Every structure is written in structure tokens, then in C-alpha cells.
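Shared chain: subunit A. Partners: subunit B in the first complex, subunit C in the second.
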Partner chain A sequence: MKIDIQEHKGVKVFALSGEIDMASSPALRSELMALVGRKAPVVFVDFKDVSYIDSSGIATFVEGLKAMMPYGGRLKLLGVPAKIMEIFNFSKLDKVFEIYGNVEDAFKG
Partner chain B sequence: MADDAMVTIPAGSLRALERKVESFKTLVEISTIISSTLDLEELMSLVMEKAKGVMGAEACSILFYNRDMQKLEFEVAVCEEGDASNILKKKVLLDIGQGIAGWVAEHLEPLVIEDVKKDPRFFQGADKMTGFETKGLIAVPLIGRRGLIGVAEMVNPGRFDFDMEIFRLLCRQFAIAIENSFAHKESLERERLRQELDIAAALQRSFLPESPTFSLGDLSVSAVNISAAKVGGDIYDFVTPAEGKLGVLIGDVSGKGVSAALYMAKASSDFRYISSRAESPGAVLDGLNAALSRYPRGMFLTALYLIADSAKGEALIACAGHPPCIRITAEEVRVLSVASGPPLGIVPASYETTSITLGRGERLILLTDGVFDAKDRSGGRLGFEQVVEFIRRHRDEEDIVRMIVDRVSDFSEGTEWADDLTVVEVRRR
Partner chain C sequence: MRLPKDSAVVTIPSHPKYLCVVREAAARMADMGGFDASSVEDIRLAVDEACSNVIKYAYGGDSGKQITVRFRNSAAGFEALIEDSGPRTDPACLKGRDLDEVRPGGLGMHFIRRTFDVVAFDEKKRNGNRLRLLKYRDRGHEDRHTGT
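On to the complex of A and B.
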């Protein structure tokens, strides 16, 4: 997995690519939790180039989301590929995360 | 004849020869010490003491090469007065190339310096910390099978007229002994971890029902649970929350390993407590969701819980992001559509309860994603629909649970199982 942290109109965007699993999620976790620790009001995660995510990868975003909720922060996932969206729908994680088509939609949402 | 055989050896050569013999004697002695222990601390003190004695050095020290930091750090120092070891240990760091030791580490060559004051490479930091005065020193790289291990230093040696070749040979042996003791320490640590995992696995098994089969009136359940690793994150349980009622839980913890196993243990004990008090499956999942929300690190549990009435066959089902169950009737095999909420332990939620009636001879198959996410050798996944299709083809088979597990096993033959797998069958006679 590759993590590319960009900034779009003042919002940090995690552009991820490859597989998010047991092996790669610790690196993602430390980046995400550092940002959340600084109480980032909004964080976008771009899933466009993610090929696979396992439950430990999902747990990383759950942890980020749970840490953001108390201060009203928002974690927005965007560009989720159909295959990963299936997993999200199947496990009702679509009821947990805010999911948007692209950056523009995420800004509007 | 006897006179012809007399050879006169010059006194100087004789002394050199004597020294060589002496050096060899030391080499043999140190070799014996080196092979006598695998304990790193003991090994280093023994060798350093001996070397210090032979060289008549006032002190000696070893700096280990820390590969992660790419620096040298003092590991042991032996000197006559006080305990410089504790003053220096892990506190003085040298860059590769810095000081005499750094130079030796960089060039992998020994250095003999009779007067350090005249050598600009000398690093005074260690002396300042210990109050020790270094006048001269011999520094040798310790090179093992995998490259640089560190640098050994003899400080203020009584003599400089030693055989460098033998000294290097000795350091090479010493380096390999250090490597061996590292490997020994690692293997002890691995063994300890293995034993702890065995204990964890046994403890975890104790959270699952004692028997994988259970009957209540006309209802019977049977389960197969296989962990990909020693400890797993799948959970299933059979309870009797009220007279004539059979409760069946299946769940899957996010992640793997010991953390998932601990979470599973917590979920299991919370479930036992909550299920004995709440009436509907939805209320049980509400309670379990609240209890698991306090767990750190974003871990969560997908779960499906059903309570079936053994006399009437009525089954109440609630689901938290768990794969749906598959219903086998006399006419058909289909995926049972029930209302589902998010996985447990993430956000506050209220879980709906769906009611169905199990007819006589009907069966419900509950499973975890380890079944349909199983991978074959080319990385392809079995798929949920394919599992449903397989059950459809074998709907009349008595031991369908075992057949599903065998199907997964055949499909993933030649690969390492990546996920835990659980299949539970609920049947009404």
C-alpha cells in the first residue's frame, strides 16, 4: 500500500493505493491517528486506487472515526471502488462511514 | 653428526617465537571460553576480562552496531575502577565514521593508536562522561556472518607488540560467538512466545461451547470452527436464554491474532451475560454493541444472533453487519433476508429483530466470511453466491456443515488459510 497525503482546499486527503491489510494498516494508522490527534476537523480518504481492504484495514478507519466523533470531526471516504463498496454494503459499514463519489461531492456533503 | 644438527637461534627470534606460542595459548583459552556459554552478558565479560589481562589493558569496551539507527552504542565496558559500563551503556552513540570506533566500523579495519592525543579522530565524549583517561588504544571491528556487529576496544594496553593476525582471528571468533548468542536468545524468546500462544489458544477454546453439537427439543445445532492461526477471531455460542428457547450466536472479530482473540473472549463473556437478561436478539445486540464500544483500536464484531422456540419453530433473528444465513427448506435453498445494522462496537445503534418460522426438516446455515472469502492458488475467491450454489446442490446431504468445510478445503488447497472459518447449522426435526 502507498499513502500519499495531499491537501485540497485546506483539507487533508489520504490518497491510498494497493492493499490495505494487516501488514500495511499500521503505517496508515500512525499517519491517520497523528492527524486525528491534532483534531483535524475533516479528513478525506481517497479509495480510488485501493485494490483490497481487510477487516484490520477497516478497523483503522473505525478507530479514526471513533476518535473524531467526540470533537465533531468528520471522516469522509471517497472514490470507493465497486468491489470494496460491496464489502461495505454487505457488512453494513455504509451505515457507519460517510461515503462520497469524489472530492467535489465530499466537499458538498 | 650430533654437532652438525645443532642450530643456533638468535635471542630475538626466540622471544618472538615464545610470544607466538603465548598468543596461541591465549587464542585456545579464549576459544574455550567462547564455546562455553551462549549467554551474551557472560560471554562478553569473560572474553573482555581475559583479553584485558593478556593485553595488560586498563579497560576495554564493546560498542554494538545498531542497524536501525546506523550508529554504534556502548554495550559493555570493563575497567579497573568504578563501573563505567553503566555510565556508558546505551548512552553514548557514535555515528559511523565518528571517533576511533566509528572509523573502524566504517573501514572494517583495526586501528592501533599509541597516543590518542595526536589523533584527530579520537572522540573525547566517553572519557568526559566516565572521568577515565584514554591514552592509547587498539580498536578492532567485530565482523560476523552477516557483517558488522560492532567494535571492540582495548584501552591503554600495556603492550603494543602483539600479533595482529592472531588478534583479528580472535575477534572473528568472538564476533561469531556473539552472533550465536543473539540467535540463542531469539530462539528462547520464540519458544516463550510459542508457549504463550499455546496457552492463549487453550484459553480461547474454553470460550467456545464444550461440545460443537447441542439439542433442545426438536432443535439441534452443530458447528465447525477452524482458526487460520493458533488463536482466532471467530466466535459461536449456544445458550438457553429461557425455557424451551435456544440461542445461537455467530460472529467474526475484525483483525487477527492475539488482539482479535482477546476481543473475542470479551465479546463471548459479555454475550453470555447480556443474553441471559435481554429478551429479543435485537436487544442482545444493542447491549453487546454498547459493551464493545469501549474497546480500543477500532476493533469491531460482525454478529448474527437468533433465538428459536423449540416447540413452535419460531426464530427471531438480529444481525450486525454479519453475512446473511442460508435457509434450506424442502422446496428451496435461499439467502434469508433480515434487517441488519452496523457491526458491533463502532457507533450507537439499534438492532431490529426479524421473525421467521422454521418448518419441520428445515435448516439454517450460519457462516463467517472465512468460508466464502477463501482463496485458491491463483488468488481467486470462492464467493458467497458459489457457497449458496454448493449448498443448493447438496441440500439433502445430512452432514452439510462438514461438506461446506471440505469444499473450502479443496478450493484453497495448496494455499495457507488466511482467515478463520465457522459454519453453524440450526435444524428443526
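On to the complex of A and C.
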């Protein structure tokens, strides 16, 4: 997995690529929680180039979201591929996360 | 050792960086077994989750152990036997968290159970654990496979 942290119109965007699994999710958690620790108001996570995610990857985003809620932060997921969306749906997390098609939609939402 | 027909055995160190090896083998075997693309991806994830559980729970994060996975395709379906040398796992742990409860963790068992029709520990294994995962073929596929 590669993590490319970009800034788009003042919003931090995690552009992820490859496979998010038990081996790679600790690095992702570290980056995400560092940003959350600084109380980032909005964080986008671009899933467009993510080919695989396991339960440890999902847990990382749930942890990030739960840490952002107390200060009103928003974690927005973008470009989630169909197979990964199916996992969010099955886990009922599609109702918990804000999920958008692309970065423009995420800004509007 | 001679392998049974349509089977493969993969042994990995109990380090998360090797999970990609076992899940790729699982997906390739399921594909060779004639499962559709969606089922192949489900099998990839479920076998990965089962091996992750071995690392986390049976080995307590110790990366110096081994996990052996035996794959087999048959007319009945796709089978994976996952073996470790850790302490006996309580079958009661084969339960995920309530899906309505939003918290990190507890999803892996749900991913395993939604994919496999049989999820059971082999009670006869004396040392370590052997988890049997079996996904049946749908009847239509089996008929096509056997020409009946």
C-alpha cells in the first residue's frame, strides 16, 4: 500500500493505492491518527486505487471516524471501488461513513 | 509427500507481510476451481481474515511461528484447512461483533462466515488448531462441471 497525503483546497486528502491489510494498516493508522490528533476538521480518503481491504483496514477508518466525532471532524471516503463498497455495505458501515464518488462531490457534501 | 488431486499447500511465517502470499494462493485456487470473480474475491478476503486471526489470537502476534493452509477443489466445493501450533482456540471465539455496533474490530469472523458454508475447528487435532473452511458449489455450477 502507498499513502500519498495531498492537500486540495485546504483539505488533507489521503490518496491510497494497493492493498490495505494487517501488514500495511498500522502505517495508515499512524498517519491518520496523527492528523486526527491535530484535530483536522475534514479529511478525505481517496480509495480509487485501492485494490483490497481487510477488516484491519476497515477498523482503522472506524477508529479515525470515532476519534473525529467528539470535535466535529468529518472523514469522507471517495471513489470506493464496487467490491470494497460491498464490504462497507455488508458491515453496515455505508450508513456510518460519508461516502462520495469523487473529490468534487465530497466538497459539495 | 504426494498431494491429493486439485490441491495445494502453502506454509507461511506468522508475520502479516506474508498474508498476501496466502490470500493470492486462495484466490488462484478458487479461480481454478471455477468460482466466479465475486466468490473468488470473497474467498481471498475470508482466508486472509482466518490467517490474520491465527497471528493475532493463536500466536498472540508472535511472527516466529508458521501457518499452513491446505487448499482443495472438489466436486463439492472449495476447502481450506488452516493449521497452526498455537494454544487451543475456543470455538466460542468464532463469533463477530454485532454489526449494528460501530467500533473498530470484530468484522473478520463475519467476512469468513458470509463466504464459507462450513466454519469449524477440527476437535481431533491434538496440538494446535485446524480450522476447516468449506464453500459449496452452487448446484448449477456442479451440474455444468460434471456434465449431468
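Going forward, the second predicted complex is superposed on the first by the 109 of 109 C-alpha atoms of A that agree within 3 Å, B and C clash if a C-alpha of one lies under 4 Å from a C-alpha of the other, contacts with A are read in each partner's own complex, and residues count from 1 in each chain.
Quick note on the criterion: a contact is a pair of C-beta atoms (placed from the backbone, for glycine too) under 8 Å apart; a residue touches a chain by one contact, two chains touch by 3 or more.
Everything numeric in this text was worked out from a predicted model, so none of it was measured.
Novice: Overlaying the two complexes on subunit A, which is it for subunit B and subunit C: clash or fit?
Specialist: Once subunit A is superposed (C-alpha atoms), there is a clash between subunit B and subunit C.
Novice: Which partner chains sit in contact with A:V103 here, subunit B, subunit C, both or neither? Use first/second/both/neither.
Specialist: neither
Novice: Classify the contacts of A:K66 with the two partner chains as first (subunit B alone), second (subunit C alone), both, or neither.
Specialist: both
Novice: Could you tell me if A:S91 is touching subunit B, subunit C, both of them or neither one (first, second, both, neither)?
Specialist: A:S91: touches subunit B and subunit C.
Novice: Which partner does A:K83 reach: the first (subunit B), the second (subunit C), both, or neither?
Specialist: Touch status of A:K83: second partner only.
Novice: Which partner does A:I58 reach: the first (subunit B), the second (subunit C), both, or neither?
Specialist: Both partners.
Novice: Using the touch definition from the top, say if A:A40 reaches subunit B (first), subunit C (second), both or neither.
Specialist: neither
Novice: With the two structures laid over each other on chain A, which partner does A:I20 touch: subunit B (first), subunit C (second), both, or neither?
Specialist: Touch status of A:I20: no partner.
Novice: Determine where on subunit A the residues touched by subunit B overlap those touched by subunit C, and list them.
Specialist: 22, 55-56, 58-60, 62-63, 66, 90-93, 96
Novice: Can you list the residues on subunit C that touch subunit A in the complex?
Specialist: My answer: residues 15-17, 19-20, 38, 41, 44-45, 48-49, 52, 55, 99-100, 102-108, 110-111, 114.
Novice: Given the complex with subunit A, which residues does subunit B contribute to the contact?
Specialist: 252-256, 296-300, 302, 320-323, 340-343, 346-347, 349, 384
Novice: Taking the complex as given, what residues does subunit A use to touch subunit C?
Specialist: Touching subunit C from subunit A are residues 19, 21-23, 52, 54-56, 58-60, 62-63, 66, 83, 87, 90-93, 96.
Novice: Hey, which residues of subunit A end up touching subunit B in the complex?
Specialist: 22, 55-56, 58-66, 69, 90-93, 95-96
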